[in-house]
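Just so it is clear, A, B, C, D, E and F label the chains in written order, and each chain counts residues from 1 on its own.
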Amino acid sequence: MDDETRFELIMEKLYTAVCCDVLDELGYRNQAMRPDIRPIDDDKLLVGWAKTILAVDVYHVGENPYDKEIEAVDSVVPGEVVVGCTNNSSQNSLWGELLSTAAKARGGRGAVIDGLVRDVRQIRQLNFPVFCTGFKPVDSRGRGLVIDFDCPVACGGVLVAPGDLVVGDIDGIVVIPQAVTDNVLRLALDKVTKEKVSKSELQRGALLRDVYAKYGVL
Amino acid sequence: MDDETRFELIMEKLYTAVCCDVLDELGYRNQAMRPDIRPIDDDKLLVGWAKTILAVDVYHVGENPYDKEIEAVDSVVPGEVVVGCTNNSSQNSLWGELLSTAAKARGGRGAVIDGLVRDVRQIRQLNFPVFCTGFKPVDSRGRGLVIDFDCPVACGGVLVAPGDLVVGDIDGIVVIPQAVTDNVLRLALDKVTKEKVSKSELQRGALLRDVYAKYGVL
Amino acid sequence: MDDETRFELIMEKLYTAVCCDVLDELGYRNQAMRPDIRPIDDDKLLVGWAKTILAVDVYHVGENPYDKEIEAVDSVVPGEVVVGCTNNSSQNSLWGELLSTAAKARGGRGAVIDGLVRDVRQIRQLNFPVFCTGFKPVDSRGRGLVIDFDCPVACGGVLVAPGDLVVGDIDGIVVIPQAVTDNVLRLALDKVTKEKVSKSELQRGALLRDVYAKYGVL
Amino acid sequence: MDDETRFELIMEKLYTAVCCDVLDELGYRNQAMRPDIRPIDDDKLLVGWAKTILAVDVYHVGENPYDKEIEAVDSVVPGEVVVGCTNNSSQNSLWGELLSTAAKARGGRGAVIDGLVRDVRQIRQLNFPVFCTGFKPVDSRGRGLVIDFDCPVACGGVLVAPGDLVVGDIDGIVVIPQAVTDNVLRLALDKVTKEKVSKSELQRGALLRDVYAKYGVL
Amino acid sequence: MDDETRFELIMEKLYTAVCCDVLDELGYRNQAMRPDIRPIDDDKLLVGWAKTILAVDVYHVGENPYDKEIEAVDSVVPGEVVVGCTNNSSQNSLWGELLSTAAKARGGRGAVIDGLVRDVRQIRQLNFPVFCTGFKPVDSRGRGLVIDFDCPVACGGVLVAPGDLVVGDIDGIVVIPQAVTDNVLRLALDKVTKEKVSKSELQRGALLRDVYAKYGVL
Amino acid sequence: MDDETRFELIMEKLYTAVCCDVLDELGYRNQAMRPDIRPIDDDKLLVGWAKTILAVDVYHVGENPYDKEIEAVDSVVPGEVVVGCTNNSSQNSLWGELLSTAAKARGGRGAVIDGLVRDVRQIRQLNFPVFCTGFKPVDSRGRGLVIDFDCPVACGGVLVAPGDLVVGDIDGIVVIPQAVTDNVLRLALDKVTKEKVSKSELQRGALLRDVYAKYGVL
C-alpha cells in the first residue's frame, strides 16, 4: 500500500479511538497523547509519518538561533508530520505561519507540538492541520531553541520515534509504532464494522448488556 | 409540573447563571461545577435528573470489566442525565459513542463527566449533550472501572445526589438539589425579568449605579 | 493619529504576533499574556486603552459589595478596554452580561479578565469582545470583591498600567506600554510587509534557509 | 473550663486526627486544611481561637500599605491564633519575624497562613508555632495587602470564622467550629482511650478484623 | 539468598540511586517514583516485597467501608511492604497509626502510599518506615475505599506488581521487578565500588573528565 | 573587599530576607526564587558567584551525553555556586554526589538546581549546600542533557547572569545582580540594625503601630 492510499484509507474509514483499541489489544497501551494537545481546527484530520524536532527553553539570543529549526523544516519530505517536543513549554511559540507554509511546501501534512503556536488565523487559512497545547503571540527567538531533530522525543506523554505513524482527529493524537502500522490498520477496519452494527442495534433499543455480549465492543 | 414541561421551561427561559443566583439566595452556594467541565457543543443545553456513576482508575483488566458500567447505562430511565465521577481522571475516556447511543435510546438526556470522553465527532452527530474535561481516544478497559452507581458522587467539585436536577449550558453546569427544584425555578423566572429590564436601561445609557439601585441585580 | 484611526489600522493590518516581535526588538519581552486567557469568540479582535480593575476572593457578603465595581464600570470612557485582575480566581465570575452592557454603553471596547466570566451566550450577542480564563455561572457576590481600579495590575502574567494599549486576537493578548505605542505600530507595519513576501516565496517552494537569509523574519 | 486548661488538655491528650474523627461523627466533614499547609517545626503543637486576616496580591505600593496589617496584629488578644488568608499567594510572605514577635507579645499563640512566610530561622527561635505553605524571603510591601480582619476567611480550603478553635500538629490543621468545641473535646478524649486499647491488642498480634469488630475504631 | 540476608545487604551496601542506574542498564527506565512521595523520616530505609492495595475516593459511607482494607492488612506476611494506590488522592488519609501497627505486627516492613497519611508522630515512634505525598488528619471513612488488593497498581507513576522489590531511602522509591531482583543486586554492588573510587579521586582534585574517562560512572 | 571577607560577612550578619528588602528599595523586585526550591539541609547557608548551567530533558542517549556537564563542572573556580536550569524538570536528577564532590574540589561553594537531585545522604555528608525542587534516584543519562554553561538562565523564576551573587538560607534563594552587590550589602547591614531594635521593643510589649512609626521596618 503506498502512502497516499494508506492516508486516504485512514482519513475516510478510521479514527483515533479505534486505532487505540487495536493498539491496546496488541499490547501498546500508552500511544495516545495527553488531552491538552488539541487541534486548532476541530474538523481537521491528520495523518503522516513523524518528523521529530526537539526544542528547549532558553534565556538569551545565541548565535544563529534559528539554524537547527530551519534545517529541520527544510528537510521535511512528503508524507511527514512535524512532531515538536518543547517539554511542554508555555514560554513561547515554537510554531507559526511561516514554518507551516514552509513545511507544507515541502509536502508536510501537519504538525503536533507539545507547546504553543501563533498565527492561528493564518494557519487555519493554509489548511494545514496543527495540534498544540495553546496559543501565544511571542516568537521563540531568545526563548526557545531547536537543538535536535530526527531523534526520539516525547510529545504529549508518548514516546515518538522518527517514522512512527501519527494520526489525529478531534479525540486527540495517537502514535502508531512503525512496525505495527499495517497490522493496526487491518484490525481497525474490522473493529469499525462491529461498532457500526452495535450502534445500530442500540439505536433500535437493544440493551447494552445484550449488544456487548453479542459483539464484544464498547 | 411534569418533567417535559419543566425541562422545556428551563431550556427556553432560564440559564445556569440565574439558577446559581437563586441558589445563592437560598443558601446553596457551592452548586456550580468547576470551569474545566465544558460542553462538547457550545450550543447544547442540558437538563435532567442526575443518574450518578462512580469510576476509578485501575491498572489491569479484571474479570468482566464492563459489568457495572453496562448495568448502570441499561438502568437509565427517561429524563435522566448521566453524572460520571472519575475523580478527575486524565487516564482514559469513561464515555463515548456507544454509551451515548445506549443512554439516549433509554431516554437519557445527556451526560456530565468529570473526566475524558472519546468519539466526539460521533456524539455530536447523535445530538446528545455531553459535558466533560477533555477528550482522549483510549478506552477505559484496563484503565478505569465503574464500581458503583446511583450513589452520591462528587463531580466538578459539587456533591451530586441521585435525582438532583442538573442544568448545563455554555456557562457551565449547576446542580439543583431535588428538594428545592420548583422553588428555584419559580424564583429564577422572576429574576430573569428584572435582568431584562436592567439590561435594557443600561443599553439606553443609564449608569450602572442607578440601574442597580433600582433593580438590585447585577 | 486619533484613537479611531489607530484602532482601525491595528485591526485591519496588524495582529498580536507582529506586535510582540516588535516589542521584543525594543526590549519589552514580557508583554504577552499567558495562554490560558482566551477570547470567548475566536474571530473577535480587541484593541483599546487599559482600564484596570483589581478584585480579590472573599468569603462573606460585606456591606455594599458591588460599590467599587459599579464605580469602576461607570467611569469607563470611550476607547477603553477593561482589564480585570482577579489573581487567577476560579471561585467566581467577575464579569458578565450586565457589566458588558454597561461598559459597552460607556464606549468600552471589550474586557480582559484573568479569571472567569458568565453569560457567555448573551455577551456574544452583544458583540463585545471578552477574553478570560474560563466560564462559571456563579456571581461574585460574597465570593469576589473589587477593591481598586485605575491602578497597576497583573493580568495573565503581564504588568498592566492604566492607559497601556491592549491588543487581542485569537493568538492571545499583548500589552503595549503607552510610551511606545506609536513606535510599535510603525515598526509592526514594516514587518508585516516582509512577512508577506517571505510567505509568498515559501509557498512557491523556496527553502526556509534562503528566505530567512533574504528577509530575516521567521 | 478556662482557656489555659482547655489548651493544655488538648496539647497533652489530643491530636488533630482524633478531633477530625469526632467532627466527622458530628457531621462536620470539611474541617481539615489542605496538606500543603505545614508547620515550620514538626514538633510544635498549636491551639487557640482564630484571629482571621484577609490579604490580597497587589502590584503597586499604595498609601500606608501596612495599616490594616498593623491594626490586625495590634488587636490580637491572649489565646488567639492568627489565621491569614492570602488566597494561596506564592508572590510574597505575609508573615515574618516582627509580626510573630508582635503577635506573641500580645498573647498570640501562633499563626496559620495559606501562603508564604519568611524569617523562618528567627521564628523558630521565638518558639512561636507557624504553619504555612512555604517560605520566600520577599516582603509583602507592594505585593500583598491586608484588606480586612476579624471576618470569615478560607484557609487551606476550610472556612474559618473568627473565634473558631484552631488545632495544629504534624498531621495538619483542624478547625473546630466554636459552637461544638466542648462537645468535640469530650468525645475526642473518649476516642483516644479506645484507640490506645486497639493499638495495644494489635501490637500483641491480634488481627485487625477482630480488633475493629471489638472497638470500632481504625 | 534468604530475605533477611537480601534486605540487610541492600540496607547496608546499596541505595536507590545505584539501583536505578543498574535498572537503566537493563532497560527498565521508569522504576523510580515521582518525587512527591517522601519518607516521613529522612533516615529510614525501606526494603521489602510489594503488597499492593488499590483505593478510590468516594463520597458516602457505604456498608462495611473498612472490610477490604482490613482484609488486606490482615493478609500481610513477613517481608512485605504495603504499596497503596489512591490515584494521588488529597482527600483523605488512607494510612495511619493503627494500620501501621497491624501491618508491623504481621511482619510488614513499611508502607508506600501515593496519597496522604495521618498519625505521623505515632508512626515515627513505631519505627515503621512510611513514604507518602503528605499528611492530613482526616480518616478515609466515607472519603476513600479500598476496592482491591494483591493486584497491579500504579504508585508514584510506576507500575507495581505484587511481589516486586520496593527499595526506599531519602532519594525516593525504586521498584525492582521481581524477575531481575538478584541481577540488579549483583550489578549494583559492583557499581558502588566504582563510585567510591571515583569519589575518592575527585576529592583528591582530579578533573571530572579524567575520572569519568577512567571509571565511566557519574 | 575580597570574596572570603564578603562571604563571611554575609553568612554572619545578613540573611536573604533583608537582602530582598534592600533590592526592593533599589527597584529589583523579582530576585527571590520560587518557594519550591529548598535547601537539602535547613541549616546550611549558601553564598557565591553564579556559575550557570543549562540542561534540557531528552529522550534518548546521544553521543558523549555527559561532555558539556563535565566541562562545566571542571571549569568551576573558587567562590562559585552552580546554578542549574533544567526548566523545572521532574524527569531526572541533574545533580548528585560525584558532581558535588567535583565542584567542591574545584572550590565551588554549593549548587542551586531548579530540578531534582540524588545522593542526598551523601551530599549532606560532604557539607556542600544544595538547593533544589526535590529528589529522585534516577540519573540524567538519556533523560537530561547539559547544552550550555556560563550563559544567562532562569532558575526558580529569576533570571540569573553568570557572576551574579547568589545567597541562600532557609527562607530561600536571592540573586543579587553583580553591579549592585556592594551597595546591597551596605544597605542590608544598616537595615539589620533597625530590625533588631524594632524586635526588641516589640518583645517589651510596644504596639506594632508605634514601632513601625519609629523605625519604618516590618
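One rule holds in what follows: a contact is a pair of C-beta atoms (placed from the backbone, for glycine too) under 8 Å apart; a residue touches a chain by one contact, two chains touch by 3 or more.
Computed from a prediction, not measured in an experiment: that's the story for all the values here.
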item	value
Listed chain pair A-B, A-F or B-E that repeats interface D-F [over half of contact pairs the same by residue number]	A-B
Farthest-lying chain, centroid of Cα atoms versus that of chain C	E
Whole-Å gap separating chain A and chain D, where each centre is the average of the chain's CA atoms	49
Chain A-chain E separation of Cα centroids, rounded to whole Å	36
Geometric centre distance via CA averages, chain D-chain C, whole Å	40
Inter-chain centre distance, chain B versus chain C - centres from mean C-alpha coordinates, in Å	31
Chain A: positions in contact with at least two other chains	none
All touching chain pairs, where touch follows the definition stated at the start	A-B, A-C, A-F, B-C, B-E, C-D, D-E, D-F, E-F
Sites on chain F touched by chain A in the complex	54, 56-60, 62, 85, 87, 89, 147-148, 151-154, 159
Complex interface listing, chain A residues touching chain C	66, 69-71, 73-74, 90, 93, 96-99, 101-102, 105, 116, 118-121, 133-139, 141-142
Residues on chain C engaged by chain A in the complex (per definition of touch)	15-17, 19-21, 24, 29, 32, 34-36, 169-172, 174, 195, 198-199, 202-209, 211-212, 217-218
